[in-house]
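Please find the structures below.
Common to both upcoming complexes is chain A, partnered first by chain B, then by chain C.
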Partner chain A sequence: MSGNENSRLFFFAFLLPATIFTALVLLVPLGSVVVESLTNPSGWTLAGYREIFASRLFRLVLVSTVEITLISTVVTFLIAYPIAYHLSKQTPRRRALLMMLVMLPFWTSILVKSFAFMVLLGRQGILNTSLDYLGLPGVQLLFNRTGVIIGTVHSLIPFMLFPILTSLLALNPDLPKVAQLMGAGRLRIFLTITLPLSLPGIAAGVMLAMVHTLGYYVTAALLGGKGDMMIASLVDLYTREILNWNLASAISVTLFVMCCLVLLLFSRSKALATVSQSS
Partner chain B sequence: MAAAEPTIEVERSWLSTAATVWAWLGYAFLILPTLIVIPLSFNSTTELAFPPRSPSFHQYRQYFSDAGWIDATMLSVWIAILSAGLSLLLGVPAAYGLSRGSFPGKTALSGLLLGPALTPVIVMALGLYIYFAHLGLSGVAMPIVLGHTLIAIPFVIVTTMSGMRHIDRNLEVAGMIMGGSHFYVFRKITLPLLRPSILASGLFAFLISFDEVIIAFFLSKAGNPTLAVKIFASIQWEISSIIAAISTLLTLLSLVICLFVAALLEKK
Partner chain C sequence: MRKIPEGFNVKSGSGRGLIGRRTLLKGGAALAFAAPYVLGSRRAWAADQLVVASYGGGWAAAMTEAFHKPFTQETGVQVIVASGTDLAKAKAQVRTGNIEWDVVELSAGWLATGVLDNMWERLDTSIIDLKTALPGTQHEYGVGMCMSSGGIGWNTAKFPAGKHPVDWQGFWDVKKYPGRRGLMTRIAGPLEYALMADGVDPKKLYPLDIERGFKSLDKIKPHVTNWIGAMPQTITLLQAGEVDFCQTAAGRVFIAKKEGAPVAYASDSALVSPIYVSVLKGNKKKDLAMKHLAFQMRPDRQAHFAELTSYAPTTEAGMKLLSPATLALSPDVTKPGVAVGDEFWWADKFEELNKRYKEWQLT
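Presenting the complex of A and B:
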């Protein structure tokens, strides 16, 4: 091949349009948020950050966002792992069919899913009317923390499931068989072989789930109560209701930094590489 | 062939039964909310009775005869078509460059291009809101199209790259040996082989844009909402069964696209 230099330039040219676009539509707007968060009419200042960290509302919202993120991630793992494990044991044909049960909700609008949960879980909803019919007391599952977590877990499951499934499918099927031949029980095989070897997938899934939940808005806005405001709702409140772009930007930068910290935390676990493989 | 494999599974332990039951409960939890809206959409009144007392298409007629809903739908369709087209135009070549090229800074570049998938949408929405306010860029659809293209590009790149992994590289090498230039090989060999992946990523990009709420919510002009923004606003006011009809149509769209993509990628 004549000249490696030439082919390098050739491939780089293919990347150029997308790179310029992303720089203009992602990096420059992110830069304007940072600048906005550090300026007020009198010039450069950290006043915005001082004000939000002194605000009781912001601290409450920060705590509830972190709580919702952690609880949802754990619950999502407990549901997503068994599904991924079950999928990994199927024949390719059956797996493709069962995957539709995961893909359809994944590609369904978050509004449709939230609306469905409002209809299912509300006071007059299907669940409570059925309980009432059976003579059982109703349960309050909407406009509170439980509602937010149910809705969040539902939309996180696919994000957690895909990387775990990838690492389970990459697992050498002979390993469990050999262990079984040597007399290991099922639980022992799972705990000493399957689970440890699927750790990269778990790390990737947990990372994706956390980064997504930290920025969630629609689910909490529709299924939560007053006490379940998340950081994203606060950004909206300051941008469009209070019209204070300085504070809205300071809150956004804080959210962005939190997501970067999560990515950093997982960067040593090869989670990112697993994510790009699994898609 | 199966007979040759040593089968040593004797008992199905209670543990594996419990795991299977738990997995099926998980499938049910995933699919149930998506399906529950369908029967509700056939209510004849705005009240959401389950099952509907006297099934009818009343809510669908309401939707199709309301100019506000139809305008919002058409706006969303246009935005989704433009976003899908633009994200393919930018994303497919980028995926080719990333999977076939090797040059310094490739990791950083793929990090930048996939970055929108890991950045909170609300942060990008605020950034675009401030940015377009400074630029003074007006127009109903253009700012939203740019934002939706940004978040669709990572999906296009990842889907196309995974299609690229399944292409026999020897075909490309053969094309080069026969004297084809890089660009000729890309156009005549790689691109035709990639057609199913490109079509799949285009459809997903369409769906990403069509269903997106937050960026559209921040960049919509008052009185000219996209479909998603209009649904979001109306759910916050009341739970009416016209939303059930629209939700059913949206679910149907997702189902058709999912089945079509599954069939496309199956053929390979």
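Presenting the complex of A and C:
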């Protein structure tokens, strides 16, 4: 009993520096944002929250943020799952090499990527000039919702892919073999064994993708059109231009609560455990 | 977040990147930057140096060349340029009493917003001589050290003379000048342009007729393909051919042209505003900071700055020192199509109107 307590104290000592660091750089500012959102010069008030929820602009932006988040997450899943499946079938050495390619967008600055997208997908970009050369009509892929989704998905893929890959690699390789011996076809093996057993990874990937996208806004600001404003850009507007920090904080706290809700939604699944495994 | 003071060897950035000084694209949670000021800073207070919060890039290099270096030569006071001037950071410094910036370069609207928040020191007119300044360019809480000009830009490689609009009526005339338009997501500017397009006399814009302005904006809305958040992006989009005619700033076009970009600017139909520089409230080196502001009002220094950047002097004597080439690019408030912006009209209306403008963009 006391030995158990001792080892707990021992581990706590190891965690202490990280805990203090997190408290200083995360909890203190977060606390001050919450306080700011609940105060104005005359004292404690909920006026900030009342104002944002009554604001039509906030509601419009909320809707577009949720739409962009959901669409990006689904598209990312559809792209990332086959890649993860393919990677899980490779030898470890080859997999490591291929994973580097997946990580590339992760290491590239969002600004550089946005500029690259303009060169590739822009009105006079490589794609549209090629289409024009072939006599085909051009496509508008930037400065609209499509552009935002392309940019967001591109940066989300690693977040979705790694948890799924972890799940797939943890899958007992004997199970598909046994199923095959029992006469199951490839599709059936996938649907009844592989897919259900990779669900924790999918949940983890979806969770990470959603939490990330909710707070994005550079992508929408650079690649989006008129209807593509994210909540985070509203925070920017109120913090830096209008200087109304009460409203900026109220919006930030709302965004934070939304992210917490997503985490809560997945907390019953094995998503969080899978995230810690894959990282 | 570049908060590290840069010395004289400020690298001259192109000032033409995808990113503008006004955007928070540098990332991070928006409010987190207040933390260092709350937690306290330990910057040493040397009596013989001043910290100037600047836009950075090519602008800061020109400021250093025209003002800071000669100031050091004459007074022995070292000037440290801190890139990334920011109204929210300035507010955090005043609020916590941790003043790191002595002199702050202001973007459009900041002077007025800051006056409402009591953020600036009143100018000491015993140190700063404002009598020689051009009328309408100065304020009791900030010196107007040069004039900026906003108007229409286009790509000269795609649109030879006569094929592009040269005034806001033309920008609104989509039959005469078919093409994609770009306007900015900040209402101060587009509302004035919309009124000028609708036939309001540029010399009698203020007080702005808000409803008439929005009605005029409705007409151009279907032809605006890009709503632009940051000024440098206007040049990028023009160069990439994403937009044909675009709201931009003369100074940006000047820099881009210098670097060989095929862009031009319609200087006869523009909105001209002073660029203000202020001193943060509660500053311990107030007198020294005022001396630096006084130095920025010197005609010879202003003229030197204009030659480097095209931002025109705010003193008549400074105007007289300009070369003919620079004079041609400088905003000329005597032209009938040139309006002078009034950020104090905007001060108490900006929040509401900007919100309405963004809603209007989203629907």
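What we mean here is this: the second predicted complex is superposed on the first by the 265 of 279 C-alpha atoms of A that agree within 3 Å, B and C clash if a C-alpha of one lies under 4 Å from a C-alpha of the other, contacts with A are read in each partner's own complex, and residues count from 1 in each chain.
Keep this in mind: a contact is a pair of C-beta atoms (placed from the backbone, for glycine too) under 8 Å apart; a residue touches a chain by one contact, two chains touch by 3 or more.
What you see is a predicted model; the values in this text were computed from it and never measured.
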Review point. If chain A is used to align the two complexes, do chain B and chain C fit next to each other or clash?
Key: clash
Practice item. Return first, second, both or neither, reflecting whether A:33 touches chain B, chain C, both chains, or no partner chain. Key: both
Exercise for review: Using the superposition on chain A described above, determine whether A:105 touches chain B (first), chain C (second), both, or neither.
Suggested key: first
Check your understanding: Touch check for A:157: first (chain B), second (chain C), both, or neither?
Key -> first
Check your understanding: According to the contact criterion defined above, which of chain B and chain C contacts more residues of chain A?
Key -> B
Practice item. Quick one: classify A:227 as touching chain B (first), chain C (second), both or neither. Key: second
Review point. In the superposed arrangement, does A:57 touch chain B (first), chain C (second), both or neither?
Key: second
Exercise for review: Quick one: classify A:235 as touching chain B (first), chain C (second), both or neither.
Suggested key: both
Review point. Is A:201 contacted by the first partner chain B, the second partner chain C, both or neither?
Key: neither
Practice item. Applying the touch criterion given at the start, work out whether A:244 contacts chain B, chain C, both or neither, answering first, second, both or neither. Key: second
Review point. Which holds for A:123: it touches chain B only (first), chain C only (second), both, or neither?
Key: second
Exercise for review: With chain C in view, single out which of the stretches 9-17, 27-35 or 135-143 of chain B clashes with it after superposition.
Suggested key: 135-143
Check your understanding: Between chain B and chain C, which residues of chain A are contacted by each of them?
Key -> 25, 28-29, 32-33, 36, 110-111, 114-115, 118-119, 122, 124, 218, 221-222, 232, 235-236, 239-240, 245, 248-249, 252
Review point. Across the complex, what residues on chain A touch chain B?
Key: 1, 7-8, 10-15, 17-19, 21-23, 25-30, 32-33, 36, 79-80, 82-83, 85-86, 96, 98-105, 107-120, 122, 124, 126, 129, 154, 157-158, 177, 180-181, 185-187, 211, 214-215, 217-218, 221-222, 231-232, 235-236, 239-240, 245, 248-249, 252, 255-256, 259, 263, 276, 279
Practice item. Note which residues of chain C are touching chain A in the complex, please. Key: 17-19, 22-25, 27, 29-32, 34-35, 38-39, 86-88, 91, 109, 113, 117, 186, 224-227, 229, 233, 236, 240-242, 350-351, 354-355, 358-359, 361-363
Practice item. Using the touch rule from the top, collect the residues of chain B that touch chain A in their complex. Key: 6, 8-9, 13, 15-16, 19-20, 22-24, 26-27, 29-34, 36-37, 40, 48, 50, 89-91, 93-94, 96-98, 100-103, 109-110, 112-116, 118-124, 126-131, 134, 146-147, 149-150, 153, 157-159, 162, 176, 182-183, 204, 207, 210-211, 213-214, 217-218, 228, 231-232, 235-236, 239, 243-244, 247, 250-251, 254-255, 257-259, 262, 266
Review point. For chain A, which residues count as touching chain C in their complex?
Key: 24-25, 28-29, 32-33, 36, 55-57, 60-61, 64, 110-111, 114-115, 118-119, 122-124, 142-143, 218, 221-222, 225-227, 229, 232, 235-237, 239-245, 248-249, 252
